[in-house]
Amino acid sequence: MKKWIEKASHLIEALPYIRRFCGKIFVVKCGGAALVDPQQLHNIMQDIALLHFCGIRPVIVHGGGPDIGAMCKRLQIPTQFSNGLRVTDADTMEIVQMVLFGKTNRALVTALNQFGVKAVGLTGQDAAFMQSKKFIATSDVDADVDLGFVGEITDLDTTLITTLLAGGFLPVIAPIGIDEHGQAYNINADTAAGVVASKLAAEKLVMLSDVNGLYANIDDPETRLHVIKAALVKTWLNEKHISGGMIPKLQACLHALDNGLSSAHILDGNMPHSLLLEIFTDQGVGTLITN
Amino acid sequence: MKKWIEKASHLIEALPYIRRFCGKIFVVKCGGAALVDPQQLHNIMQDIALLHFCGIRPVIVHGGGPDIGAMCKRLQIPTQFSNGLRVTDADTMEIVQMVLFGKTNRALVTALNQFGVKAVGLTGQDAAFMQSKKFIATSDVDADVDLGFVGEITDLDTTLITTLLAGGFLPVIAPIGIDEHGQAYNINADTAAGVVASKLAAEKLVMLSDVNGLYANIDDPETRLHVIKAALVKTWLNEKHISGGMIPKLQACLHALDNGLSSAHILDGNMPHSLLLEIFTDQGVGTLITN
Amino acid sequence: MKKWIEKASHLIEALPYIRRFCGKIFVVKCGGAALVDPQQLHNIMQDIALLHFCGIRPVIVHGGGPDIGAMCKRLQIPTQFSNGLRVTDADTMEIVQMVLFGKTNRALVTALNQFGVKAVGLTGQDAAFMQSKKFIATSDVDADVDLGFVGEITDLDTTLITTLLAGGFLPVIAPIGIDEHGQAYNINADTAAGVVASKLAAEKLVMLSDVNGLYANIDDPETRLHVIKAALVKTWLNEKHISGGMIPKLQACLHALDNGLSSAHILDGNMPHSLLLEIFTDQGVGTLITN
Amino acid sequence: MKKWIEKASHLIEALPYIRRFCGKIFVVKCGGAALVDPQQLHNIMQDIALLHFCGIRPVIVHGGGPDIGAMCKRLQIPTQFSNGLRVTDADTMEIVQMVLFGKTNRALVTALNQFGVKAVGLTGQDAAFMQSKKFIATSDVDADVDLGFVGEITDLDTTLITTLLAGGFLPVIAPIGIDEHGQAYNINADTAAGVVASKLAAEKLVMLSDVNGLYANIDDPETRLHVIKAALVKTWLNEKHISGGMIPKLQACLHALDNGLSSAHILDGNMPHSLLLEIFTDQGVGTLITN
Amino acid sequence: MKKWIEKASHLIEALPYIRRFCGKIFVVKCGGAALVDPQQLHNIMQDIALLHFCGIRPVIVHGGGPDIGAMCKRLQIPTQFSNGLRVTDADTMEIVQMVLFGKTNRALVTALNQFGVKAVGLTGQDAAFMQSKKFIATSDVDADVDLGFVGEITDLDTTLITTLLAGGFLPVIAPIGIDEHGQAYNINADTAAGVVASKLAAEKLVMLSDVNGLYANIDDPETRLHVIKAALVKTWLNEKHISGGMIPKLQACLHALDNGLSSAHILDGNMPHSLLLEIFTDQGVGTLITN
Amino acid sequence: MKKWIEKASHLIEALPYIRRFCGKIFVVKCGGAALVDPQQLHNIMQDIALLHFCGIRPVIVHGGGPDIGAMCKRLQIPTQFSNGLRVTDADTMEIVQMVLFGKTNRALVTALNQFGVKAVGLTGQDAAFMQSKKFIATSDVDADVDLGFVGEITDLDTTLITTLLAGGFLPVIAPIGIDEHGQAYNINADTAAGVVASKLAAEKLVMLSDVNGLYANIDDPETRLHVIKAALVKTWLNEKHISGGMIPKLQACLHALDNGLSSAHILDGNMPHSLLLEIFTDQGVGTLITN
């Protein structure tokens, strides 16, 4: 019995956070290994289901992970990367779309529905809500490579998302954009999550991937920063203290924080319940970026 | 960190219950020692606040406890009981009303609001929603005693309660009824809770008092019944296996179960988090009565 | 029959006023002897019920009157006044709350409901709608006296009131404020009525007490002013032409007129139907203050 | 001052009736001399405006009165009556429509708007809400006369009326019906009022004309019946105790009382404020017919 | 079959226009010969019905045409014109009202209803929505002639129109204004249509009369302008290049284009389907005036 | 010009049909060659867009066509059919899902959005709205073959579809069902369309495939039936007059007609504008089945 009372007291510890975030929109970007391991996917969706039933309104944006590469390989479509971006010709775009929406998105939607959440999958093609155009890299190095159907968002109409939220549904978005001729584009999931968060004026944008935050000294795990100001992140980016996949994540966070988002989180999706711990405890388990 | 992950996993254990009861109405009757000890009152209101923020819609009905007697004594108004019911003359009725609504109800409302719940206190006089009449005892023994302004409910209009629930408020009801001449009546809180639960077609009626359920053998604490059928409770009442304050509680539960309520609980308010444990675990810590 | 036709023609005389005020909010402050004499209370509530059924939306704020003093005396709690304000220690605050809400408020609510109005009683503790803090007197004289739990309003959330009005209910407010620690405060009813009126952007604030207006010459009953400009009232207050209980009433009116109220009235609650006569006739029976 | 207080007390006398009829629909049929004399029209519309502002929802159906005959005469269109019904050929129908809607209806709408009511005129042609067909007299006597475009209602769609009521408008209906070919029909105003009242499930149908009720002995003004049961009216009609224009009025009342109407009134529009007196006093000034 | 496929392809040609104007308000002024010839009236109403069912929201304002003159003649009321405006004494105003609303308006409403549209006729007297005053001609020539009850609009309350549109009804407005004393005024239909269009912030104002647009050279039918800028129309009016009935039409268009209207059209109502052709083809069949 | 007027008159011919079906739900099943040829897909979606903008509310259910087989072949997954049903093992189910939703559905959604329609793609996995279970063939012949994840619908929750329709969106459904364990099932598109149509109580179910109806004599194209009673279709099915892919189509139609659908159509998607011709002409170009 004592064990049970202790359990109940843990529920009570979450009360101030539940109260504080009740009715607020959280945009959660799911990527990395979490999308590969079914058990981990199950766990993360369970955490998101709990947020949903506690009155928080999550919106998910997800990447595709290694499934796209695997399918390309299986179909003998050659894969090329330029500066971390997948060169996306017409054949590749077809595969991106089929895997991202026809497989990954279905897996997330199904996992959530298993917990009683009414999840609904979308791409930016639905109601043409994510208007996009061909992405033209600005740096000198990339200028010669045609990235094909890699796109950037030009406009985002939130009506479909807010209609679904108002109906009690949970939108799960695969970041495929669309232009006025009906051409689909492969959009970076971090960037898409940032735009969705700012357009919805979300309370939080949570980047759930394979790293658990920013470090004062990248080689010393003890130096993880619990909280960091957006301005300092900007400085670090300018001074090129940050590298690799963390760059688009941080750029997406900064852009959203500049445009109506309240706070952003960098979080490790591989750690059990990292999402709940970041939101329902004071010190958190990742890095919180604020204005 | 391991401790934290364990804590989070306790939150997750509550998920199936939160999901199941989301949007449902729980009528909680608060009585007994819980209303006397400020710390206990604080704890129970905290549990109710958690239910509220998890999407459950609690409605509270409360008794007055020893405060009424204390004030009568302080004002030298003689107190008389007949068959467990307070003989309520005009002077006593005035004190009942002042203490029950002007003191106890304010304490509950204030405690809930401290947790961010928008609690609103009511008596049956507000919008005259609890129509009542003088209670006439039917048993031979009582026939000679005039109980004064002890009343019974003749009709209950739920419009005010549902207006408040729809606005996100939590109604806290002191069981004072009213008749067509504006006369106030002292209504038994258990009975009132039962009528409120059935008229709202509530999911659960929780009787929170000083006892933690029904026993096969009242002298053996090991024989507490986790679940019991309403029909058996009826038999036990008819065969007079039950005595004292448990009788009106069970009668109220049976009446509500006969009129739209889904399930009733007898629970010990003195046990920490008994409300959460009864609702968020399978075996519970009280007695569940079902049809 | 002729008598009847004459009666009907009196109804018709009210038509232009009913038409003009249809759907408008009137905040009526009830205080003084009117709260003591049951017949007078009945009459005033009847007038307010008529306004309600004619499409006007009244909101009542009431004081406590002599009942509080009587109860303090009965319980041998010493009463002390400083500059017209009741020194309110913890014991006294408990009595204020019990009498004001558990007795006076119940009497008003019941009287209104007798006329078919759906009146609902509130204090600032309900949904914590009247945020308050300890009142610190600014004048030198009072500086040494600790007034205890006498409070002043720091913020007023009208959501609960407007939810009730939208549902067709009539809010009856006992002016007890609340701070962030759950401490209750005794708020001056005139001041509270003024804040409620300005926050609701009311059409009228009616101060119903024992005096029937402002006089050019206080000793000459013939010199009552039917209308006076707020600016002149301000001058009179600065020049100390006004004294006693009229000061807070006028200050409340001026504050509300400065913050969205359209017009304020000083009216004698002892005069039969003074409320109807002030509203439904051109010359009125009190003093109208306008910007 | 005493006079004023007396006036206010007359307002208060109306309170129980205002309360009772608040939100209810009253269908008022205006006909007879009241439509001829501008002063009388003004008075009746003023009474109706008062009902409107007291929360009652009046719907007016009006006849045409002598104006139609006058215009026919002026245009030298011969007028023929058969059994009290105007034989309505195509020319006459055009005149009926122009005078009834282009003149009488405009006068009523304008008079009401002068009192601040938002009155809106309609015929059954608007939104084709009053579906009709040629009236075929059933009695032997009439069988040989073709009444032309005299019609009877076959269906009534209340959507337009309820849309206007919900918007706070007061519908004023000229009883012109329409068939599926767009042909207009002249409908008896009493009959139309009865159908409107029953389809709206009105609280009251008031027949305002030149007679003030039913008499036990038609020759003795002292024998006016204040209340009469519908069943007895039926008997009287069958036994041919009733004659002339009273027959269609009573038939319309009985039909509506059989189909959802609560009560019907026969009232003299020439008597000042007869409408208010019938509604706001117990004994009334006409005859009330109830089931 | 080939014929049928071709027919269907004509429907498809209209798709981009239907899509573009879906939900937009079109104010159509109907005047001239179209109101005289029943077949033409039928055709125009059919076109408007099609717009209505394609999701466009038409509002009709109509003139009276020769019917008013005919009735005046029949009733031997002398007719006088001053500068193109009918001198409207009290007798004439009564005839204008009866014919315009009791005859013409009924014909339009009935024709529309035949196509399943729920048309509802109005004048500015309904809900007093078109506040007006006596029109005082400003030019020297007219100064001596009293035009009687010719009026100009002082204010227009769109609540009644928008209530009807929201309910799916189609308003058909006869331009009779009203002043605060209840006096009716004869308003120029072109002017009224312009005010209605600007107050509703309509997408289009269509002037449907006997001319099919503006000409560079009035004597050369080949010089019709498909599109013209409002500024140029202004210049032409100032330079008196325009004459006769076209002047008020163009003034109404310019006034509305200055006050929220998007585009205006001058169109020949006598040409079959001119309304559809102007809206559903690029080059149109009249003259389009834009800012 | 004459050509234009003729075009406009073709629009007008559609008016009675547009009027009749305004606001009604049409479920259109798209299958066969129409899904393969991009031009044909474009044309059909254009027709559906026109219906949408004319106020009809289409809901699309689509099959997968030859794309699934092509992808299976490309990935060297062996394809097996049993009695016309694709044997669907886990590998095949993954391909079905990716192609059907990640490719075909995206093509339909994109084509519709090009015409300004706000189309939104769904499978029965979204909000788990199409509850399904493993399909067990009942005939003796099939009993030995395990069809794998071929499913049948056990329950269909229309909330998601009606939420989207109410928001002005057009749902495009790929018939993948889901069971309580999250297992996806391949559902026959004809059957799914029938269930969707009956659950939505649709006005019409249109089966758009490669055949243009039912024939009295299958070998004589002149004997196509324009209309046939459901009872006769039932007889023909029982007597095995029907064969091949037409059987499930007709069974789906009959099931829906038995459960709330008004009428069903068998239509050739290869014929230009067959959808418009069937709906907007009296004789139609397919076969209409009615109760």
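All chains are identified by letter, namely A, B, C, D, E and F, in their written order; residue positions are counted from 1 within each chain.
Definition applied: a contact is a pair of C-beta atoms (placed from the backbone, for glycine too) under 8 Å apart; a residue touches a chain by one contact, two chains touch by 3 or more.
This is a predicted model, so every value here is computed, not measured.
Using the contact threshold fixed earlier, the set of chains in contact with both chain C and chain E is D. A turn of 120° superposes the CA atoms of chain B on those of chain D, with the angle given to the nearest 5. At the interface between chain B and chain C, over half of the residue numbers involved are used by both copies, so each side presents largely the same positions. Mean C-alpha position of chain C lies 46 Å from that of chain D.
Separating the CA-averaged centres of chain B and chain E is a span of 68 Å.
For this pair, chain D with chain F, the centres built from the Cα atoms lie 55 Å apart. For chain F, the set of residues that touch two or more other chains is empty.
Viewed as a contact network, the protein chains form a single closed ring in which every chain touches exactly two others. Around the ring, the chains sit in the order B, C, D, E, F, A, counting from chain B and moving first to chain C. Across the complex, chain C meets chain D through its residues 1, 4-5, 7-15, 18-19, 22, 46-47, 49-50, 53-55, 115-116, 271-273, 276-277, 280-281, 285.
Listing the residues of chain E that touch chain D in their complex gives 74-75, 94, 97-103, 106, 109-111, 113-114, 118-123, 125-128, 159-160, 163-164, 167, 169, 178, 181-182, 184.
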